[in-house]
Amino acid sequence: MATSNRPDRFREECGVFGIYDHEHAARLTFLGLYALQHRGQESAGIVSSDGRQMSYVRGMGYVSDIFDEECFARLPGRMAIGHVRYSTAGEVSLREAQPFLVDYHSGQMALCHNGNFPNAQAVRSELEKEGSIFQSTSDTEIVLHLMARVQATDVVEALVQAVGRMEGAYSILFATPEIMVAARDPRGFRPLSIGVLNGSYVVASESCAFDLIGACFLRDILPGEVVVFSADGMKSLRPFAPQPIKQCIFEHVYFSRPDSVVFGQPVSLSRQMLGRFLARNAPADADVIVPVPDSGVAAAIGYSLESGIPFCFGLVRNHYVGRTFIEPKASIRHFRVKVKLNPVRQLLEGKRVVLVDDSIVRGTTSQEIVQMVRAAGAAEVLFRVSCPPTISPCYYGVDTPNREELIAYRLSIDQIRDFIGADSLGYLSRDALLEACADPGDQHFCTSCYTGEYPTPIGPESRFRCRVPTEMAGINLK
Amino acid sequence: MATSNRPDRFREECGVFGIYDHEHAARLTFLGLYALQHRGQESAGIVSSDGRQMSYVRGMGYVSDIFDEECFARLPGRMAIGHVRYSTAGEVSLREAQPFLVDYHSGQMALCHNGNFPNAQAVRSELEKEGSIFQSTSDTEIVLHLMARVQATDVVEALVQAVGRMEGAYSILFATPEIMVAARDPRGFRPLSIGVLNGSYVVASESCAFDLIGACFLRDILPGEVVVFSADGMKSLRPFAPQPIKQCIFEHVYFSRPDSVVFGQPVSLSRQMLGRFLARNAPADADVIVPVPDSGVAAAIGYSLESGIPFCFGLVRNHYVGRTFIEPKASIRHFRVKVKLNPVRQLLEGKRVVLVDDSIVRGTTSQEIVQMVRAAGAAEVLFRVSCPPTISPCYYGVDTPNREELIAYRLSIDQIRDFIGADSLGYLSRDALLEACADPGDQHFCTSCYTGEYPTPIGPESRFRCRVPTEMAGINLK
Amino acid sequence: MATSNRPDRFREECGVFGIYDHEHAARLTFLGLYALQHRGQESAGIVSSDGRQMSYVRGMGYVSDIFDEECFARLPGRMAIGHVRYSTAGEVSLREAQPFLVDYHSGQMALCHNGNFPNAQAVRSELEKEGSIFQSTSDTEIVLHLMARVQATDVVEALVQAVGRMEGAYSILFATPEIMVAARDPRGFRPLSIGVLNGSYVVASESCAFDLIGACFLRDILPGEVVVFSADGMKSLRPFAPQPIKQCIFEHVYFSRPDSVVFGQPVSLSRQMLGRFLARNAPADADVIVPVPDSGVAAAIGYSLESGIPFCFGLVRNHYVGRTFIEPKASIRHFRVKVKLNPVRQLLEGKRVVLVDDSIVRGTTSQEIVQMVRAAGAAEVLFRVSCPPTISPCYYGVDTPNREELIAYRLSIDQIRDFIGADSLGYLSRDALLEACADPGDQHFCTSCYTGEYPTPIGPESRFRCRVPTEMAGINLK
Amino acid sequence: MATSNRPDRFREECGVFGIYDHEHAARLTFLGLYALQHRGQESAGIVSSDGRQMSYVRGMGYVSDIFDEECFARLPGRMAIGHVRYSTAGEVSLREAQPFLVDYHSGQMALCHNGNFPNAQAVRSELEKEGSIFQSTSDTEIVLHLMARVQATDVVEALVQAVGRMEGAYSILFATPEIMVAARDPRGFRPLSIGVLNGSYVVASESCAFDLIGACFLRDILPGEVVVFSADGMKSLRPFAPQPIKQCIFEHVYFSRPDSVVFGQPVSLSRQMLGRFLARNAPADADVIVPVPDSGVAAAIGYSLESGIPFCFGLVRNHYVGRTFIEPKASIRHFRVKVKLNPVRQLLEGKRVVLVDDSIVRGTTSQEIVQMVRAAGAAEVLFRVSCPPTISPCYYGVDTPNREELIAYRLSIDQIRDFIGADSLGYLSRDALLEACADPGDQHFCTSCYTGEYPTPIGPESRFRCRVPTEMAGINLK
C-alpha cells in the first residue's frame, strides 16, 4: 500500500502563461506551461479564445501528459491563457484546476492566478451571505464572483474592483473572448513578466518560458500594474494605491528556475551569491562541498567558489522517481530518502563534508540525509542552509506547514543541529540574503517567513487552505 | 476516423436515485444507478453524506466503469444521492455531470435532477444580472443559485422557493449533510417513486431500481409533492399550487424499462397494449411481425398477440457495439445500420413483413432498415409505429431534434411512407395511446410532442440546450 | 472486492476471420471480428501482410476497444487474418491472444484457430523432449512448432503435416507474407465458411461476418478441406483421410448468431425448431412462455408458436452489465442473477410460467432464476431446456466444467427438477435435436456432450486447459 | 503531430537484478530495477518463483508505472529476477520485454540478459533450420532454444552449453523454480555484481541497486564465472575457456550511475578523472566550465578542478520532458534542444566557455548546443569530449548508429569542430581514458568503439538489431 506523506519541502502554488494574438496561441501556451512545469505539477489547463468564444482543456498531471493534438483542435483562436498548479489527486480536484472559465452577465470570462489571499475566507463568507455558491475551494473562484457582482463600466474596471477587494498576493491572467489582462498585486509578491514574440505579446510567471518559445523578454509587470492586451494593443493601468514592494524572496532562494530573470535579477546569479555569502556567514573547515540535489546545487557551487573547497556530487539523485511509490514491505533504512538520493561513498568517506541545502522545513528529511552521509563514511557533516531559519508560514502563495511543524520555530539553531545530527549548522543571515538578491537596503522583498512579520493583516482563518489531503497522497517524493 | 452523427432517436436526460440512512448508502446508490443506466449513459455521479460532510465522485461513462472500491472509500456515510446523465464527451462536460455539490452560506448542498426548464435561460440571465457566475450549462446549477439567494427560514423552504421560480419538468433529489429531499414538479412530468429497504427509504426514477436492491415499492411521489427525509423520518409537503397533471407519456412508449411501474402502471402491460391497439388502428395483411430491436419488441409482441400473426426476430441486434465506431474506408451499404442490426434472410425472404418500432424521428434510420429488410427478400414491408406522429419537440426533458428535423412535422404520413420506402405505414392514434396507458379520459399525460400544445409557456429560447455537440460525437449507435 | 465466479454457462473458444487481396484488409478484418464478437470477448488480434512483411496488433477486451486508426496504420497490406478469443484477464494472458506470428526457417508465419486438440498435451510433451520451448499454453503454438519441424516441400504441405499430427477440432486460418490458408479438421467440428467481396475472398467462422461487410456467402469449407488463397487464386486440397462428420451441434443450440447460416442451415430456423420440438417433447399446461434472455429467446418463440401459449419477456435483461461487478456489501437476495435479469411481476403473477433456456450447466443459475420467478408471483414454474441433458464435457473447443460439476451427470432429471425448484422439467430429446438441425439420420453432428461418446481418443490429460483462473475473475456476468 | 527522431545518444540495452531466498523477493527486485532504471526505460519485467511455480509480470514504461500492489500479489515466492530494457513502443514490443519465461521439457525456466551476441543471427538461422520458431527478435530467446536442445545432465550444464554457443557480451540471470544462476561472459563485457542482504544473495548490474535496498556489495561476478544460487547456497563455476578481459569502458564514460562501483572502480572517481585528464589532454584558455547536463557534469567538474577554471550550470536542463513531445507548429529555433536545455545568458554572456560532454555521436545535437550557447552571448565555445572519437559501432550491447552515421568515422577532428561550429574541439586520448579507468596497461577494457578493433568475430549480420523503428518514435528527448 502506498503510504501517506506530505513532502518535506515548500511548494509553489502555480505558474501562469498567456499569449495575445498569435496563430498558434494554444500550442505556445502549452510550451510556456511546459517551461513553467516546476511551479506546479499536479494539474494544468488552457483557455483559448477565437475572438467570440472561449474553450478550455484541463487535466491532472504533467503538461506533456495532458495536452495532445486532439486538445489543440479543441482550443482554437489567437489568444490563450494557461496555468500549472499543484493540487490533490483524483477527479475531486480537477474542479480546482485553472484557468476557471465561467458565464456571467456579460458573457464568458476566464481567470487564473498565482498567489494567495489571506482574507479569502472572509470574502467568501460575505459572498455566500449574498447568495453565491462555490464549486471549488480556490481563491480564483472568489475573484470571479466579485467580478460578476461589482458595479463597473467595463470588464477591466470590474477586475480592478474585484481584486481590489482581496488582500495578498496575486499575479493574474484574465481573459474575455476579446481581451487579455495581466495584473500583479500592489506589493508584487509573485513575479509576472511581459515578452514579445514576432509582434505578439506574451505574459509569463518566469522569463524561462519566453526562452523556450523564442520570445524576447520585454519587462516585468510592475507591482500594482494592470496591463490590458486588446485590439488596441497593450495598455498599462495603475489603478491601485501604491504599497511597499514585497516581492517573494523565496523565488530567488528556491522556486524560480535558474535560467529565469526574476524581479529584475538573474536567478543564476542571486543563487550563486547566496552560496558565496553563506560561505562568508557560515564558513567551514572542510574537504568537500556537497549539494543536496537539486535544490542545493547552485548555492553549493557558490559556497565552493567562495571557499575554494572542491565541489562534488556526493549525493546522486534518481530522476525516475514516480509520483507515488510502493513502499517495500521489507524495512529498509532511510528508504524514503534513499529512493531519491544515494550517497557516493568514495566521495564522502573520511571527508569533512559541507552539505548545502536551500532550506530546512520540518528537519526530518535533513536528519535522514545527514545520517545517510555519515553512514557513507563522512568524518564530519557540516550543514549549511542558503537562507535564514524559516520560522513562520507563508500566506502569499507558498505551501508551508503550520508554524508548529517548522523546526526553526520550535527549536534554536543548536537544537536543530542536534536534531538533524550535524556537526555544525549554519544559516545565511537575512542581511546577506537581501544583499545576494541585490537589495541590501531591504526595499523590495517579503521575508515574512523568516521574520514572522507580515505586510498584510493575517486573520485566524487566513492560512493557505487547499492542502494535499494526507489520506489521498502516496509517498510523494518530488 | 470516427465520423460525426447524432443518433436518430429520442433520448432521456437522466435518472436519479437516493437512499437515506443505510449502512451501505453509496454502494446501493451505485446499484440503483446501474438499474437506471438506460436513462443516461454518458456520465454518472454520487454524493454521499456522513452526517457532517458530503463527498462526491463523478465520471464519464457507464456506472460500472466509474465506480470501484476506491470510490466507495471516498463516499462514506449513510445517505447518498446519485444521477445518470447523457451528455457530451470529454473532460469539458464532466463539469455538467450531476449531482452538483456546492458550498453556500449555510454549508454544503447537493442537487441532481431529471427534467428540463423551458424558462431556464430567462432565469439564468436574471441571475447573471444579479452577479451569479455559471460553470456549467445545466439547469441544475440555476436552482442552486436560486437557493443561495432566496430568503427562507430553512433549506427546504429555500428549495421550494427556488424550484417555484422554475417552469417545467423536474424530479429532483436534494441533500444537505443532514437531510435528503425529493421533489416532483406540480405537473409531474417525470416519474419519481419511493421505496423501502429494511426500514431505510429509497427514492428512484423508476421502480426497477428497487427490484435490484431488494427494496419494496412504496408509492410514487405525487406531482407537486416535496418529501423530506431526515432524522424525524419522512415528511410530505405540498407547497405548490396544483396544476393539471401532465405525465410524460413517452415514458411508457419508450424510455422506462419494461419491468418498471411508472405513473402507477406497469410498463410491460402498457407497452404490450400499445402493440395491441396498434394492430387495431393499423392492421396489416402480413406473414410475420418483426420488431426493430430493442425498442420495438414489446409493441411487436402485442401486435402479434392481437393480430395472430407470428412474431419473430427477423432483425438481429449486435450488443457489442461500442460508443463510437471506426468507420471502414471501404464503402459498405447501410453500414451505420448494419453495425447494429443484421436481417435474417431466412425469416424475411418472400414474407410480407410488419416492422414495428416505437417512433420515427428523422426517418433516415427507418429508411435504412426498410431498405435492408427489403434487400433481405421481404415481399412487402409494412411499417407500424406504436405512437402517433411526433410533430413537435419536447421541452420537458427529452432530447428531440428541432421541429424542422422531425419528419412528421414536415411530411404527411403518405409522404413519410414514401420517404422510408415502406409499402404501408401506420401510426397509433392518440386516443389509443391514452387508452393503452390507462388514461382514456386524457387526464394525466403530456402528449405535446404529438400535438404541439404545451402545458407551460414556451419562449424562443426555451429549447433544450445541452445538445451533443455534433463535432465531438462519433457514430453513436446505442 | 470483486468476488470470484466462473459463469454458469458454456463458452466458445473463439472465432476467426480472414481476407485475401483487399485494399482495406485490416479494417474489414476488424469488422469481421466485430461481427464474431459473441464467439470470444476477452482478447482479439489481427495479423496483416503487405506481401513481404507481416505485422500484428493484439489486445485484451472487445474488438472495438482494441482497434483504432493508429492500429490500422500499423497493419498495412492487402491480406489479414484475425481472431477473437475468450481468455484470462491481465497481461499474463495477452501472450495467449491470437493470431500467433512467428519467425521460422522459411520466414514469417501466422496462425489462429478455433477448436481444441485432446492430444495437445501429449504432442507438446514430445515437442519439448525434442527441444521446443513454449511461451503460451495455447494449442496454436504447438501447431507452429510442428510446422517448423516437419519435412515438407512447401508451407502448405507443412501445415497439412502439422495439423495431421493433431487429433480433434480445428478451424484454422494460416498466413505467410504471400498466402492465406484456411483449413477445417476432417470431422468438421467447428464451422468455417468462404465468402466473396468484390472479387476478394473472405473466410469467417460464421456467415454473419459476411453480412456486415457486404460480402456474399460462397460455401462452407468442407470437413478435411484445406483451401489456399494465393496469387493463383483459390485452390482446394483434401489431404486428409476422410472421417465421419462430427459438426458441433451446440453451434445450433447456442453459440452461433441466429443470423448466421452454420453447417449449411440457418440458425434462426434450427433454433426455432428446437423450441417447436421441445413443445412436442415436453408440452406444458401453462399461461405464458418466458425465455431466459437472451439464450432462450429463439427456442421460447418456437415453443410458443408450436404450443399456442403466448410468449412474453417476463424476465428483463440488463445489457449494461460490465465485465466484473462490484458486489454490494449489503446482502441482496439473488444478487448475482438480479444484476443481469429482473422479473416482471405483472407478467408473471398468478401465471403458470414455462421458462425456456438453452441449457442447464451446474444448475445454480437455473435455481436462482426459478426462485426469482416464483418470488415474482408465478403460480407454477415449468422449466424447459432446448437440448438434451449435458452429461459430459466437450474436448473440441467448448469451455465446459468438469464432468462432476455438470448437474445432469450427477443427478436424474427428477433430481435436477427438485434442485432447481421447478414444478416440472423437460429436456429436448436427442432425436428431436438432430431433426431440428436437419439431421434426422444422425449423420453430421457431434453430440458427445449429451452422450459421453467421443469421436476421437480422449486421454486423462486431454481436457480443455486454458481455463479462467478463478482467483483472477470477478463476477463475470456475460 | 509528434515527429520522428532517434535520440542522438548512445543507449544501453538493459539492466538485471535478482534475489534468492528473501521474503520480499518481488518487491526488492522492483526496487533493484528502480535503481537500474537508467539502464533501460522502455519495458521492465519480473519473474518470481515460489519454489514450484514461476510467475511473471511485464510491462511497457517505467518500473514505477508498471508495478503496483496487484502485481506483487501475482509474484509470490522467495526468489525473483528482473530486467529493465529499452525497446520500441506499443504492444508490438511487449513480447520483447524480459525476463522470458517458457516451458520446456524439464519444466519452467526464465532468463534475462544484458548484452548482445554478434553471432546471434547465425545461431538463430541454425535453430530455425532445426525447427525452432521465434516469437521475438531478442537474443535471449535464442539462448532458451539452445538450452531446450542441448544434451546436458542438469540445467546449469544446459545453460553453460547454450551460452557457450554464443559469441559476445552477456551478463545473465537465469532461473528455474528452484535455483537462480548468474553468469558473465568470458570477456566480461557487461558488469554484474553480487551483494548480500540479511543473508540473502542479490545480483545486480550495478552496485547502486544494492545501496537502495540496503544490501552490502560482496564482489563482482568474474568474467566467465557462473554462479549458482540454490538450497545449497552459492556455488561458483568457471566452465569456459579463459579469454582476454574486455570490460566495456563506456560504462565508466557514460552508462553506469556515478554512485556505482563498476568493474571494481567507483564511477564517481573514474568520471572525475576523465575530466581531469581531459583538462590535461585538451587544455583551454577559458572563463567558465559548462557541462552539457546531465551526461557531462562529472567530467566538467573534473575539468574545473584540474584547470582551476570555475564550473557553472550555464545550461539548465528541464527534467519534465515527456517521452514524446508535441512539436509546435510555430517554428522555433533550436526547438529540439531547447525543450531539454536552456542556456543561462547571465552565466555565458561574454565568456569563453568550455562545453564538456561525454561524447559526440552524429554531431547534430552538439551543433545545436554550440549554436545556442553562442546565441546566448558566449565569446568563445571550446568543446571538450571526455572520451576519444567514436569511430565504430558497438556489437556488445550498446545501441550505436551505423558507422556511417558516426561523425568521427566520417570527419577529422578539425572537420567535426567546423561542423559543430566550436572554436576549438578536444577529445580525451585513449591512453588517458584507460588511465582514468585505472587500467594504464590496457589489460581490462574493450575500447573497440574508439579503435574499430573487435575482440570477437564480427560478421555482416552481427549488428545490434532491435532498433527503435524510427517510424514509431516521437521526439524522444530523454
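For clarity, chains are labelled A, B, C and D in written order, and residue numbers in each chain start from 1.
By our rule, contacts are C-beta pairs under 8 Å (C-beta built on N, C-alpha and C of every residue); 3 or more make two chains touch, one makes a residue touch a chain.
Everything numeric here is computed off the predicted structure, so don't read it as measured data.
K.L.:
Return the chains shared as contacts by subunit B and subunit C, ordered by label.
P.N.:
Touches both subunit B and subunit C: nothing.
K.L.:
As a test of understanding: of all chains, whose mean C-alpha position lies farthest from that of subunit A?
P.N.:
Here the answer is chain C, farthest from subunit A.
K.L.:
What whole-Å value do you get for the distance between subunit A and subunit B if each is reduced to the mean of its CA atoms?
P.N.:
The mean C-alpha positions of subunit A and subunit B differ by 48 Å.
K.L.:
Subunit B to subunit D: how many Å between their CA centres?
P.N.:
About 59 Å, centre to centre.
K.L.:
Which residues of subunit C are in contact with two or more other chains?
P.N.:
none
K.L.:
Is the way these chains touch best called a line, a ring, a star, complete, or other?
P.N.:
Per interface graph, the chains form a ring.
K.L.:
Would you pull the subunit D residues touching subunit A in the complex into a rising list?
P.N.:
1, 22-24, 27-28, 30-31, 34-35, 37-38, 41, 62-65, 67-69, 72, 208, 211-214, 257-259, 261, 266, 268-269, 272, 294, 297-298, 301, 305, 310-313, 316, 318-322, 325-326, 328-330, 332-333, 338-339, 342-347
K.L.:
Could you list, by residue number, the parts of subunit B that touch subunit A in their complex?
P.N.:
Answer in residue numbers: 56-59, 74, 90-92, 94-95, 100-105, 125, 128-135, 144-145, 147-149.
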